[in-house]
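Heads up, the next two complexes both have chain A, just with different partners, chain B and then chain C.
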Partner chain A sequence: MLIAKGLKKNYTSKVKTGFLKSTTKKVEAVRGLDLTIEPGSIVGLLGLNGAGKTTTIKMLSTLLEPDEGSCAIDGLDLVKDAFQIKHMVNMIAGGERMVYWRLTARENLEYFGRLYSIPKEELKSRIESLIRFVGLQERSEEAVEKYSKGMKQRLQIARGLINDPKYLFMDEPTLGLDAPIARDLRRFTKSLAKEQGKGILLTSHYISEIEELCDYVYIIDRGLKIMEGTPKEIASIVANCTNKYKIKLNVLPDKLRGQFETFMSTVQSEFQLEEVDGGIEIDVSSHKDIQSELISMLSQQSKIISFTAMEPKLEDAIITLSEVKNYEQVHA
Partner chain B sequence: MNRYMLNSIKAEAIKQHKSVYHSNLMYFSMLIWPVLELFSAYYAYKPFEGTAASEIVAKWVGDDMIFAFILFGYISFIFFRCFVQSAWRFSSERISGTLELIYQTPANRLGIMLGNALASLFESTWMFMVFCIGALVLFTNLRISSIFMPLVAVLSLVIPSICWGIFMNSLFMFSRDSGMLYTVFQSPMEIFGGAKLPYPAFPFWAKVIGGVFPLTWSINIVRKIFMNGALLSDIKFELLVLCAICAALFLMTLLLLKKSEAYARKTGNMALF
Partner chain C sequence: MFIDNILSTARRNLTIQTRAYPVHFFVGELMSCFFTVLSSFFIYSIVFKGKVSDSFIRFSGTSDYMSYAILGSFMYLFVVRTFLNVSRSFITEMREGTLDSLLISPVSYMGYLSGNMLEQTLVTTGELLAAIIITSPFGLKMPDINAAAALLCIGITLVSLFGMAIILCGIMIYLKDTYLSQNTVFSVMYLICGITFPVQYLPNWVQNISNLIPVTYSLRIFRSSILAGSSIASQAGDFLMLAVLSIIYFAAGVLLINRIMKKAPERQFI
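Presenting the complex of A and B:
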């Protein structure tokens, strides 16, 4: 099991203040993160850009040394036993980088396999099965530069599995991929955990991906954990955080308008009114589910032409959760 | 040498070789390029014929040996440059994101640097051999005292150039901006290493700069073996200096590799490019 406790990582960056002048600025990338990954489970790490997801993954992959905190992987210490841990973990990132474009898929895998000092025969059979696993058997002898984006990403997966890691860290693995390829990758990921018993940490921007794959989810913002739970729990929070409605009415009498504004103020929700051809359009954004209240109020004195409840977005939920967390910290 | 080191050397040398020398044309371009540089250097001498400057060169080289002098100086310089370029190309691993992946593995770091430098060995040796054979055919006044001495010449190029290559590589590990070191070292090495001009003819300050570069001593050894028919006893001083420089470069490489990895783990600069 991977158990991380109080992981912290700060970066120092230079800020130019003049032609030859600069000051240093400390950026707290990860601020005391606790995390657990069990073998055979997929754990999601969610957050907006700059939340600290990649830094966390790099710390767990031994590429970055935590400033504070500890992490044990199957009883081994992340810092002291880095050499042994490197055999047990691997990382897969989204995008087309991180493979050698002039080499073939097989040559890429041979190279990384040799770096892990995998015995020759074992490496050969592992490469064969990995190439089959990611469906590159027909193009395995072609230079990677001729591959499509999806094929390069599949090679990345094979590369990430070359040392048969017990724990795999996947950083936005479906970033920029077409829907069918992303679906294939999700299938691969699921089988790695459920059939091969690997512990997987997955970062993603896509709530649907997290819902489909993860057993447990951590949401982080600016290096802090703001929530954790099962995808179901997270989804319900997301839904409650970011309800958006688009309503079109034929008319909005003054009396109804007054009632509507009072109600919106009571439920601390925001709205925008706009006169359009044939009626009034209202955009509502609320942290509460007020769909039934709105329908009942508006239908009494006007005709609702259309009512659309927008699907909640993870980004909105994280922003809301982050605002709530900041509010709690300020008023604690 | 443990299995991690051996595997790392092998993996890196094969990968680098396949990445860089992916076309057979590369082998021929390696011959055209030195020829052009050779003629350019030779004709740079021409306007100075009969002047005091040419007398200084002739005093150390001999009028009839100037072309051979430049030839051996230049092919030695190019031999070194191949290794340095190989190291310089390694800095592109930052851009491709593969540097992080290499450091994520338990691969032996020194093995990676050695493998990277060794990737150029075959091509450099091929270039050197072609030109040496050409020189022996072309210049009838060349003297070799023993058939083993050309081997000494090759070794006195290979070992120091590998040490120089891994040292440059370890410098490139520190930062994305260390690519400028390539320029910083390249020109002084060419000028003060004695590729074009005889090292003994330099003023003291230039000798100090040139003396730091292993190339200076390698060139001296190669020229003495091929042009003066030197035996081991004639080049023992150069060999000793070369050994000392190589040992220093090797130790600095070990230190730099440790420091650069620790620095990268602290700052996360390995992903910056």
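Presenting the complex of A and C:
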């Protein structure tokens, strides 16, 4: 089991203020994160850009040393036993990097395999099965620079599995992949956890991916955890956070308009009115599910031409959740 | 483990270099070696009218200026090639986006760097053979070579070059610069280590700096062993200085690289 407690990471970077002048700027990327990954489970890490997902993953994969906090992986300490931990973990990032473009797929895997001191015969058979696994059999003797984006990405996945890690950290692994390949990768990720018992941490911007794969989800914002739970719980909260409706009416009499505006302010919702051809369009965004109330109120005095409830967006939910969190902190 | 790191990295580099070996780079190095010798030849035959001054003979211990210059260019070829490629190894990984996958593995920094050094030494030895052929028209004469001294000199020189390369490697990662760092180092070494003329012609304060760079001793021993047949014993002082400097540079390099590489992943995107 991987247990992280109070992980913190600050970056200091130089900011140029003139030709030869610069000041240092501190970014608190991760601000005290607790996290648990059990073998055989897929844990999701969600957050907006800059939330600290990649930083967290890099800490867990021993690339960055945490400034504070601790992490134990199967009883070993992330910092003190880094060398042993390197044999047990690996990372796969989205994009085409992390493999040598001038080597072939096989040469890449051979090189990385030898860095992990895998015995020759074992390495050989592992490379064969990994190449088959990611479907690169036909191109395995070709230099990686000639590969397509998806093929490079698949090779990267094979690289991430070369040491048969017990814990695998995947940073937006489906970034830039075609839908069918992304689907393959998801299926494959699931089998790594469920059939091979690997503990997997997955970051993603797509709520659907998280819902499909994860057993448990953490949502972080600006380095802080703002929520955790099963994907079901998260999805329902997300749905509740951001109800968006697009309504088209044929007319909006003044009386109804007054009534509607009062209702909007009692449920603390926002709206926008716009006159369009053949009627009026209203965009409503609310923290509550007010679909039935809206329909019954509006249909009494007008004709609803169309009513669309928009799919809840994770981004909106995170923004709302972090606003609530900030509000709670300020008023605590 | 460590040996495995060295061998697999050397093999990887050799694969990359022989596959997409930039032929023009190879030719370029040989050309620059050729032109260094050629320009020495012109200076020698036009400016000095084929006669070297007494001071040159006193400083260098030989009157054969062309052989002196050719040996200098050979040494410089080694300096540039090993130094350049080894020192650039980690920053190249950084630029090509492979540093994370390398550092996430249990790789040993020194094993990795040694692998780079091993491969580059092999390749440069090949280049040296080509350089010997290319510069043969200028007539390198080795009337009285002391092979043992020359070989020992090459051995210790490689250690010193490796040490300096590791330091430069750390500096490059720290400054995230290759161009300025490497060009400064190479120009300075070309000017003050006695590649084309004896360091004694330089002002005293510059000579003090020269005496801190192992290449200065390497060149003196190398030429003296090959052109004047000097033995190891008769050059004990220079050998000692070369060995001491090599150990210092090497130890400093190891300490520096361990500290800098530890912080390298978080400096990557600054």
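By our rule, the second predicted complex is superposed on the first by the 328 of 332 C-alpha atoms of A that agree within 3 Å, B and C clash if a C-alpha of one lies under 4 Å from a C-alpha of the other, contacts with A are read in each partner's own complex, and residues count from 1 in each chain.
Everything below uses one rule, namely that contacts are C-beta pairs under 8 Å (C-beta built on N, C-alpha and C of every residue); 3 or more make two chains touch, one makes a residue touch a chain.
This structure is a prediction, so every number in the text was calculated from the model and none was measured.
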Return fit or clash for chain B versus chain C, each positioned on chain A through the superposition. clash
Touch check for A:A93: first (chain B), second (chain C), both, or neither? both
For A:S125 in the superposed arrangement: first (chain B), second (chain C), both or neither? neither
With both complexes superposed on chain A, which partner does A:Y111 reach: first (chain B), second (chain C), both or neither? both
Which partner chains sit in contact with A:Q300 here, chain B, chain C, both or neither? Use first/second/both/neither. neither
In the superposed arrangement, does A:K14 touch chain B (first), chain C (second), both or neither? second
If I apply the document's touch criterion, which positions on chain A are contacted by chain B in one structure and by chain C in the other? 11, 58, 61-65, 83, 86-87, 90-91, 93, 95, 97-103, 107, 110-112, 114-117, 159, 163
List of chain A residues in touch with chain B within their complex: 11-12, 55, 58, 61-65, 83, 86-87, 90-91, 93, 95, 97-103, 107, 110-112, 114-117, 159, 163
So in the complex, which bits of chain C are touching chain A? 1, 4-5, 8-9, 12, 15-16, 19-20, 96-98, 100-107, 262, 265-266, 270
Under the definition above, what is the set of chain A residues touching chain C in their complex? 11, 13-14, 58, 61-65, 83, 86-87, 89-91, 93, 95, 97-103, 107, 110-112, 114-117, 143, 159, 163
Could you please specify the touching residues of chain B with respect to chain A in the complex? 3-4, 7-8, 10-12, 14-15, 18-19, 22, 96-98, 100-107, 112, 264-268, 270-271
